[in-house]
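In what comes next, chain A is part of two complexes: it sits with chain B in the first one and with chain C in the second one.
Let's turn to the complex of A and B:
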């Protein structure tokens, strides 16, 4: 088992490196010149050269990559072209803000989605199954920016129960989830963000449970005299690895922040930061954010892999 | 009758699978008894209703299955049992071994956990005791280095060892009746014999009654006391194993015997039974075997053939039997 864990961690390193290469080059492959946003339109060729040099854009790409990577490992992502603040600080703040949403959205989505799927999978074809499938399809198909706007209209504008946008009067720096006056700003974005994962996880769980319940060993469990609860425990353990894989992906997606949802709620998270960086052609921010999110994604998948192999011994043989 | 109560008694069992479009008549009036310490072999080809009959003894059938008739096992009226009483019977007094040990065991629990779970379910003992019992059981079924195998997952064992573990699990609560659904079919020929010999030995040592379902005549000859031959959801012939193999009365049994490789001259083709089994959704009115039967006569398709008892303990359901029975029994009797 220890060998398997080490093996998986070692595999993750080349993946992370590959991801960093892609992140770095993506920005250069995309059209547009980052210097255009900082330089005045009438800048002389001389000025352009100086600025290029200052940002290191004059060196060949592989060298630029090596310099960038060697700094990145130490946590130095450079300076944001737009705000002139360290990219690292920007990312920490944005990912932290999105993380706050994720911390609430993930347990909500996983528990509701999994329970719905379990219930539906245990009674395939019954009313409960059909309603769960209906709700799940609804959740997956709703455009979440539309849902976000509807939520704002209903709960903020019409009912005035919850605030519409932002993180409260003191902003991101003084935000505390332990104060209701701040935490109430979380409610609408968290619910909106949970909808799609709820639908996807419910459907995955339903399929995995229904399929597992049809396997031969379930009949053996009944023949042993086990009650329905004990049978379901076995079924869940067998169905879990597949569900975990989907949960890991959803976790990763949520961490990346939804550009649309964060824009509607003006939530200064990672999606918001990314969209700003794209608009401003803020290359260092773009590279840094994508890299941090990609590494987080790889890490989550690594954790999911290890969890799966803990549950199902057959995976360890790979 | 000398025996006070049979261990298993099935009277006029009917099982239908009711679907939206059609109804499959899987079992159509099956009756038999099994006495303590005896082995009944139910013989038949795929789709003859033998596995369904076996599962009816534990009510291990899907909800679409409509079961009618009388099923008594280990002194209980199985069809009247509800909830916990039924679960106490399953794995406690009556337990089952399945055909495919790879898929019949839970892949994500160790052998020890799966056997221990059964032990704890029925005896309520603690984990340590259940573990000790599981070890004892693995030794009973002659699994080498049993202690180590307790921690093994099913995929880490060979087919023969898996089936032995399955048998150990079925034996964990000293059942009075063991149901075996083609337990050797999925195994290699050499392993088949080992498992068969083990099963018979354990059955005799523990004095269990056993119902053994198979399509293999050789297996039946090896293990059975009595044989019931099923065709299209009915028992067409039953009786002591030696008598049936020596002098089959029903044309279907005779056909089965003729279509095995054993005892055939090398240069002769094996006599296969012509045609194929009937569609269980639309059974013919009379004898279901008549369309394939070499001794078919006029009345065969009129009504279901009545049961004939040409000698004590033997039954054959065929209208051509009386004449034929006399001839056969005169020769062999």
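Let's turn to the complex of A and C:
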């Protein structure tokens, strides 16, 4: 098992390096000047050159990449061009704020999605299956940007039940999930963010359960006289690795934050940070955030792989 | 964290939260939803365009010359700020003497003096200055190009020497915000630390900052201009780049003031009892034209383009949040003069194109999908294209993001000769930036903002005379002449001036909307 874990970690290193190269290059492929966030529209060529030099953007790209990477491995992600605050601090705060949403959205999506999928998979072709499949397709197809706006209009503007925007009445620094006046800010973004994962997980679970129920070993279990609940336990255990992989991906997606949902709710998470960095061409923030999220994504997949191998030893042997 | 319990709490919210009202604002707190994507920087001159100056820059800080924002019925002009007065040196027309205001203190208690002024210009201009700050250099460079040196004459007088004679130089003094040297010294020259403990002389002082989310300011009760001590208890600034979010935040009571609601939300806001205010201000939404090559080098084609625009249709599409633009500055500006009015006349436009031998007249415009001051660029450009096409043009629109358009704008027409025009909205605060830079060769991009390389012997003569004319009445006459010339020459395609709509709760009282990019919030009180 230790050898397997080490092997997986070693695989992750070149992936993280590749991601860092790609994210560094992508930022520079886009048109526009990385210093446009601080340069006025009528900045002259002379001004641009002086500022480029001051910010280190006058060096050749490979040199800039080498400098950036050498600092990143020591935990120094540089300073935001726009705010002059350390990028690392910005990322930690944003990922933490998105994490606050994920902590609630994931259990909500996983429990509802898995329950719906299990129910549908146990009764394939029946009304309950068709209903669940319909709801799941609806959930996946719903543009969460639109849903977010509708939720705000209904629950914040028309009914005044919940706040429309922000993270607590005093901002994220004073946010406490245990205080209702703060926690109510979570409700609308959490529900909006959960909708797509609910649909995806429900459909994946349904397919995995239905497929496993048709396998020979299920016939054998029934022939041995096992009750239906006991059979379902075996089915779930065999279907779980595939579902777990999808759940892991969804966890990663949610942690990356939804740019659209966080923008509508002005939730100061990683998606909101990324959107601002893109608009402002704040290269250090953009590179740092993408790298951290990519590494988190790789790590989550690694953990899922290990969990899968624990549940199903055949994966480890493969 | 007990996730199960927290999850149950969140789910319960949907069913049982009706009793919880939206967070109530304490009496006297003005909460503003800005269009800015982030909190403007607090280290002196701010980012986020002129919105940064409006809400943070001119609230935390003062400049030597300030804008008079007390009237809504006339265009704002500069007035003495931290300078009590300024005058040209009788011996030297390139030397300005600025007498500073006595008894002014920074929020940290340090007294304001000539040393502070010299230091403030040094750290923005001199790369060898120990406190040189590239960010502030970038933000202010465009306003400081004509300053050769700044020197202390005595404790309360400074002298500015310019590179060339410029009678309009005092406008430059309004754009440089005075930062406390004392505070930066106490923080060992650390600008990042200073951003969290800024100190100016402005009507508000810093209170709280949550990165990317909110900035809270308190009234500076010791402010030197007692008539501008804020009448509300607290000012909270929230970045809300999404228009629908700002509208929802106002309607649900989370904020009591929003900038730039979208035109289609205005009827809903009004029906909910919100006050929607508009006023003309020095902004315009034009097409800058390529005067170096292509069809627009012919004045007949430039006039035809202006006659092809049905501005009334555009204003209607924008829900009345704009007025027609027929020259560069709005008519309320003192030097507007009497430029021609380009009344919609597609037949005359077609005749002019035929006369110029350019029918159909193929032109290519670069436009952006969004951007500072660009209003609603996509539907507006589509409307312009359809109107021009109907009058005999064949318009090709090349759409790009704001950053790409900025690159083209800064580089100038020589580097991007394929564009016949750029849709690029502009701030027209002072005559130098509004018209002179568009009329002189010395400002041709990339050395300046004259993208299309417009200049004629007449515009050069007038620009030069304006800079050397120190008699205000004579200078005003020359400015009018130049503005009329640019209008008559149709040096741009003039479309609309934005009216800068903003919406506020009926509890917000006492606001006077100045004809300016900046606004005075100090007069506002908020009912509990």
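Assume the second predicted complex is superposed on the first by the 306 of 318 C-alpha atoms of A that agree within 3 Å, B and C clash if a C-alpha of one lies under 4 Å from a C-alpha of the other, contacts with A are read in each partner's own complex, and residues count from 1 in each chain.
FYI, a residue touches a chain if its C-beta (ideal position, glycine included) is under 8 Å from a C-beta of that chain, and two chains touch if they have at least 3 such contacts.
Predicted, not measured: the structure shown is a model, and the values here were computed from it.
Chemist: Superposed on chain A, are chain B and chain C clashing or fitting side by side?
Modeler: Pair status: fit.
Chemist: Once chain A of both complexes is superposed, is A:157 in touch with chain B (first), chain C (second), both, or neither?
Modeler: In the superposition, A:157 contacts chain C only.
Chemist: Just checking: does A:216 make contact with chain B only, chain C only, both, or neither of them? Give me first, second, both or neither.
Modeler: First partner only, chain B.
Chemist: Report for A:245: first if it touches chain B alone, second if chain C alone, otherwise both or neither.
Modeler: neither
Chemist: Name the chain, either chain B or chain C, that contacts more residues of chain A.
Modeler: Between chain B and chain C, C touches the greater number of residues in chain A.
Chemist: In the superposed arrangement, does A:225 touch chain B (first), chain C (second), both or neither?
Modeler: After superposing on A, A:225 lies in contact with chain B but is clear of chain C.
Chemist: For A:128 in the superposed arrangement: first (chain B), second (chain C), both or neither?
Modeler: A:128 sits against neither chain B nor chain C.
Chemist: Examine A:307 and indicate which partner it touches, taking first as chain B and second as chain C; both and neither are also allowed.
Modeler: A:307 sits against neither chain B nor chain C.
Chemist: Rounded to the nearest Å, state the minimum C-alpha distance from chain B to chain C in the superposed three-chain model.
Modeler: Here the least C-alpha separation of chain B and chain C stands at 30 Å.
Chemist: In the complex formed with chain B, which residues of chain A make contact?
Modeler: Going by the criterion above, the answer is residues 215-217, 219-227, 230, 234, 237-238, 311-314.
Chemist: Could you pull out which chain A residues touch chain C in their complex?
Modeler: Per the stated touch rule, the residues are 30-33, 35-48, 50-51, 54-55, 79, 82-86, 89-90, 93-94, 103-104, 107-108, 149, 152-153, 155-157, 159-167, 169-173, 177-178, 180-181, 183-184, 186-187, 190-191, 263-266, 268, 272-273, 275-276, 279-281.
Chemist: Hey, which residues of chain C end up touching chain A in the complex?
Modeler: So the residues of chain C touching chain A come out as 1, 3-4, 6-7, 9-11, 13-14, 17-18, 20-23, 37-38, 41, 43, 47, 127, 134-135, 137-139, 141-142, 145, 191-192, 195, 210-214, 238-242, 244-245, 248-249, 251-254, 372, 400-404, 406-407, 409-410, 424, 433, 437, 446-449.
Chemist: Which of the residues in chain B come into contact with chain A in the complex?
Modeler: 58, 60, 84, 87-92, 95-96, 98, 100, 103-109, 117-118, 121-122, 153, 155-156, 166, 169
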